[in-house]
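Below, subunit A partners subunit B and then partners subunit C, in two separate complexes.
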Partner chain A sequence: MASGRTVAEPRGGRGRAAEVARGLAAYGLIVRMWVRSTLAYRTSFVMMTVGNFAANGLDFVAIMLMFSQIESLGGFTLPEVAFLYGTSGIALGLADLLLGSIEGLGRRIRDGTLDTLLLRPVPVFAQIAADRFALRRAGRITQALLVLGWALPRIEVDWTVGRVLMVPMMAVCGTAIFAAVFTAGAAFQFWAQDAAEVQNSFTYGGNALLQYPPTVFAKELVRGVTYLVPLAFVNWLPALRLLGHPDPLGLPGWVDFLGPVVAALMCTGAGLAWRLGLRGYRSTGS
Partner chain B sequence: MVYAAVAAGSFRRYATYRIATVAGVFTNTVFGFIVAYTYIALWDERPHLGGYGQAQALTFVWTAQALLATAALMGGGGLDELQERIRTGDIAVDLYRPADLQLWWLAADLGRAGLQLLGRGVAPMAVGALVFPLALPGDALTWGCFLLSVLFGVLVSFALRYLVALASFWLLDGSGLALISGLACMFFTGMVLPLRVFPGGLGEVVQLLPWAAILQVPADVLMGVRSGDGLVRGLVFQAGWAGALLALGRLVQSAATRKVVVHGG
Partner chain C sequence: MSGAAAAERLIEVDGVEKVFSVRRKAGRLRRVRQEVRAVDGISFRVPRGEMVGYIGPNGAGKSTTIKMLTGILVPSGGRLRIAGIDPARERTRLARRIGVVFGQRTTLWWDLPLKDSYELVRRMYRVPDSTYRANLERCVDLLDLGPLLTVPVRQLSLGQRMRGDIAAALLHDPEVLYLDEPTIGLDVVSKAKVREFLREVNTERGTTVLLTTHDLTDIEQLCRRVMVIDHGRLVYDGGLDGLRAAGDGERTLVVDLARELPPIDGVPGARTVRVDGPRQWLAFPASQSAAPLVAAVAARYPLVDLSVREPDIETLIAELYAGGGTRWDVAEDGGKTGDAL
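After this line comes the complex of A and B, so read on.
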């Protein structure tokens, strides 16, 4: 049956650029199709979006219930925790909306439908990322935006142009970092199809972690998400700088601005892992 | 007996998903660590919050992770399959079988819960006990009471999920309801925050709802917060909700099977 090698691999800069453009166009096409099909069942869509909104809202309700009993957690006030919550939630929400469907790869390998995608003249990555595009995930983004909007006027920051720009920068880099984690997790499923849940530890688990101040966690855990799976660059490091809190690891100050570099490195690594996985894919047999 | 066979079959079925089980244990453990550290910070600020010491709060965290799959704290747990069978009309075949629908699915759910308690419960709890100081009992009797309490909790969880699944007889697409009931389950079981920590009147009300029987009572039994009279009251509370909700399930079931009209004839 079809393997990764049957997909054309153009060489050279122009070929690559054309390939990316083709992939993006196909992605847009598939996304539009799924959005139209979702909106056909309007009530169901509204319910699922509200549910998605509420599911994440529960996390924040838990945080507010905690703060009904305390003034600060790990030296952070409620607006500061809300700022962490909002920035992390937006990053994960956007990554989940854009290519969260990729975690369905294991199922497609098991039932053999990945082969159908391989036969189409569109990059598999674009197809599977747009597969069953779930507009309801906008619920999480909306909820995180509301929390962030509540937090921004309440945190004590001496806003300058640079500091204002750091907030959208965090969202973009954070989205790229979570997107890389989603992709790497999917690539891992080429080898272990049933292990889809492992990546939840890093995506949803990472989000649960980043909602709270780094001062709350053990140093080893903070080191792990700084050096090993550098989720700390999603919001922790830039937020510590913005809020004027000392870094528990005592890293040099310029590290706080490495977000874009880390995001680019992670996306490259995840892309390589994806190619490796796809190339090694040998279908289910007959 | 046929129901024992169903339970055993369900146990074996879930036992075949080995990699998925390992992946689940990994995820439960990671979440356990994250929540444990936030609770340590919370109890550092407010020692004895909700009547728990820090070790008891940590025990709650790891009990919740251990029971997450067993008691289906996030919904689902195999009954989404029943919901799908009702939606597609396959349920008509099930109703022809010489077995009771509720008992059949209850047996299947108990088999699943049994496997997941062993496969997904023991390991996270062991890791938690190794890394954090937990308030675990030293005597076999308390562990026995805990297991009984877990069984009652699973019965209540099943009864609630069965009602949600049966709602598909009336709603064409039950996925919205399943989502809402999953959310309610996460919040009112104490999964997001122990019910004893909820402030004021809210805290008292949530401890009377059926969801409290699923996680809060078993956790309190395990860490010895409920002993003597409290223990008996806790078990009676659980058994009461289990009996009431299973009976309600029977009523709804007979109403549903009387009206069932499979699509297309």
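After this line comes the complex of A and C, so read on.
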């Protein structure tokens, strides 16, 4: 080996910012490796992506078929439902693409490969978030974007700058909220290694819920996704405001704009749960 | 800490413990919490540049120790330092200074060419270009990796992959290399190659090596010092010869005679323990030379072939405890030993 101790010390000190920067850099590196691994099986990748796109596409076709029989659903027109569908799909799709693989944590704990991630000089969260990065998940995002693109010119909204900005804001906050649910679910797997399904019911299940207007569901369910697992902030509450529909729970108007606050709180909570889980793992080893 | 002192003890372990709490079934629904002391107060020092064998039966606490030394697990008690770093508190900083190879777990990228995994190590550990090139060249040279660099890892044989894994663990110039069963499942040629390389890394580069293995030959060929752990306690720390003596280890002389004969007797220092047709097994103390024994047998019996078998590690360790009285503890708090089991 080369003489001397030339191992580079971490650049930029040991602060939180430096750790985040190292985490992001490592995330990028690992994602690139997985994308290249995926492309080793090019045909399989193309088929999976097309399949993913088509499966989600059929999902929306079902909604369109429904509207061939009815005028409105819970007081929402087809373009309005498409707006809900698109915003929720984009948020879940992005969160799923960026760190959906984190649900594989339980498997890594069971087969002991989490330990190899703990041996590297980069944060474990970045490594596990990038683990098995699946580009095919972009299929859902593409499909949701198309549905949203179809809906936007057809919904009756008096567009102002603020209202236009609400749409990307919904996507960002929605992604953060779903990402927090993915992370919290993964953190839970530190204690219960086969709990991936519980988390799926909140992420994929939550998305299936948010595609439809809140007015078609029982009040108790709407309350649950507002107060307990606040998925309502992904698209329901801001969309009600944008589309001029009354809030079925009758909450004060300013609540509709709480998305960023809720997203920030959820991410903080999920981050703490993750740290707690990892600390627990390192003291119990199981 | 002064430089000299740091070099003197690169790895410092003082009374380190790891207690797990496991739940056991006790009846149909009842679960009972039970404490398992996986590592029960071990202490040792490893100076820079030493190659140490760390052995013990399955479940003795080997892996738990390695996990604490690398920062994966946080000790329940005691003090631990690697090059002055507390692994539990500064895991990622320590990661840059150690290399780890798990024999049964590859860190290489299955679907990508071998060299891509190395490229990832270079960027993740931020290894300076010159260091990286020199280290890679050296590993490729000594481990015959040249033709394998462009081959997807999934197509490599077990031995090739192990060599690839060892190289990956050394590209960032670690000061300490932990190897967990590095020769498991390898054929004789691959084993020899891996051992030769490890010896080279240790002597030429001065890398400190801690090796866990079930293969006594690994220890014999590589380590002058061996530590034995059992039931979470360090029961032996010293040379391999000392281990043989401590365990009252007996070697076995296996002789093939020209024909079936009654058990050989009258050979001083040896007793016949088994007869199977023309083949007979003679046990003799590990400390005794085999040569006079062979001469004595050959002088009186029609000897066709022979071999000498060393006691294997499991037998040695089992013997280390047999009777309890022969057991001795090198941990500083040796007083606790008696009532531990």
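Heads up, the rule we're going with is that the second predicted complex is superposed on the first by the 267 of 286 C-alpha atoms of A that agree within 3 Å, B and C clash if a C-alpha of one lies under 4 Å from a C-alpha of the other, contacts with A are read in each partner's own complex, and residues count from 1 in each chain.
Rule of thumb we're sticking to: contacts are C-beta pairs under 8 Å (C-beta built on N, C-alpha and C of every residue); 3 or more make two chains touch, one makes a residue touch a chain.
Note that the coordinates shown come from a computational prediction; the quantities given were computed from them, not determined experimentally.
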item: Which superposed partner A:T116 touches (first subunit B, second subunit C, both, neither); value: second
item: Touched partner set for A:A208, first subunit B, second subunit C, both or neither; value: first
item: Touched partner set for A:L221, first subunit B, second subunit C, both or neither; value: first
item: Touching partner for A:A18 - first (subunit B), second (subunit C), both, neither; value: neither
item: First, second, both or neither for A:Y41, with subunit B first and subunit C second; value: both
item: First (subunit B), second (subunit C), both or neither touched by A:L165; value: neither
item: First (subunit B), second (subunit C), both or neither touched by A:S283; value: second
item: Touched partner set for A:S72, first subunit B, second subunit C, both or neither; value: first
item: Residues of subunit A at both interfaces, subunit B in one complex, subunit C in the other; value: 41
item: Parts of subunit A lying in touch with subunit B, wherever the complex brings them together; value: 41, 43-44, 47-48, 51, 54-55, 58-59, 61-62, 65-66, 68-74, 192-198, 200-201, 205, 208-209, 212, 215-218, 221
item: Subunit A-facing residues of subunit B, complex; value: 17-20, 22-24, 26-27, 30-31, 33-35, 37-38, 40-42, 45-46, 49, 173, 175-176, 179-180, 183, 186-187, 192-193, 197-199
item: Sites on subunit A touched by subunit C in the complex; value: 1-2, 5-11, 14, 26, 29-30, 33, 36-37, 40-41, 112-113, 115-116, 118-123, 279, 282-286
item: Residue ranges of subunit C touching subunit A (in the complex, touch as defined); value: 20-21, 64, 67, 70-74, 76, 88, 91-93, 95-98, 100, 102, 105, 107, 109-112, 116, 120, 123-128, 130-131, 134-135, 138, 152, 170, 172-175, 201, 204-205, 207
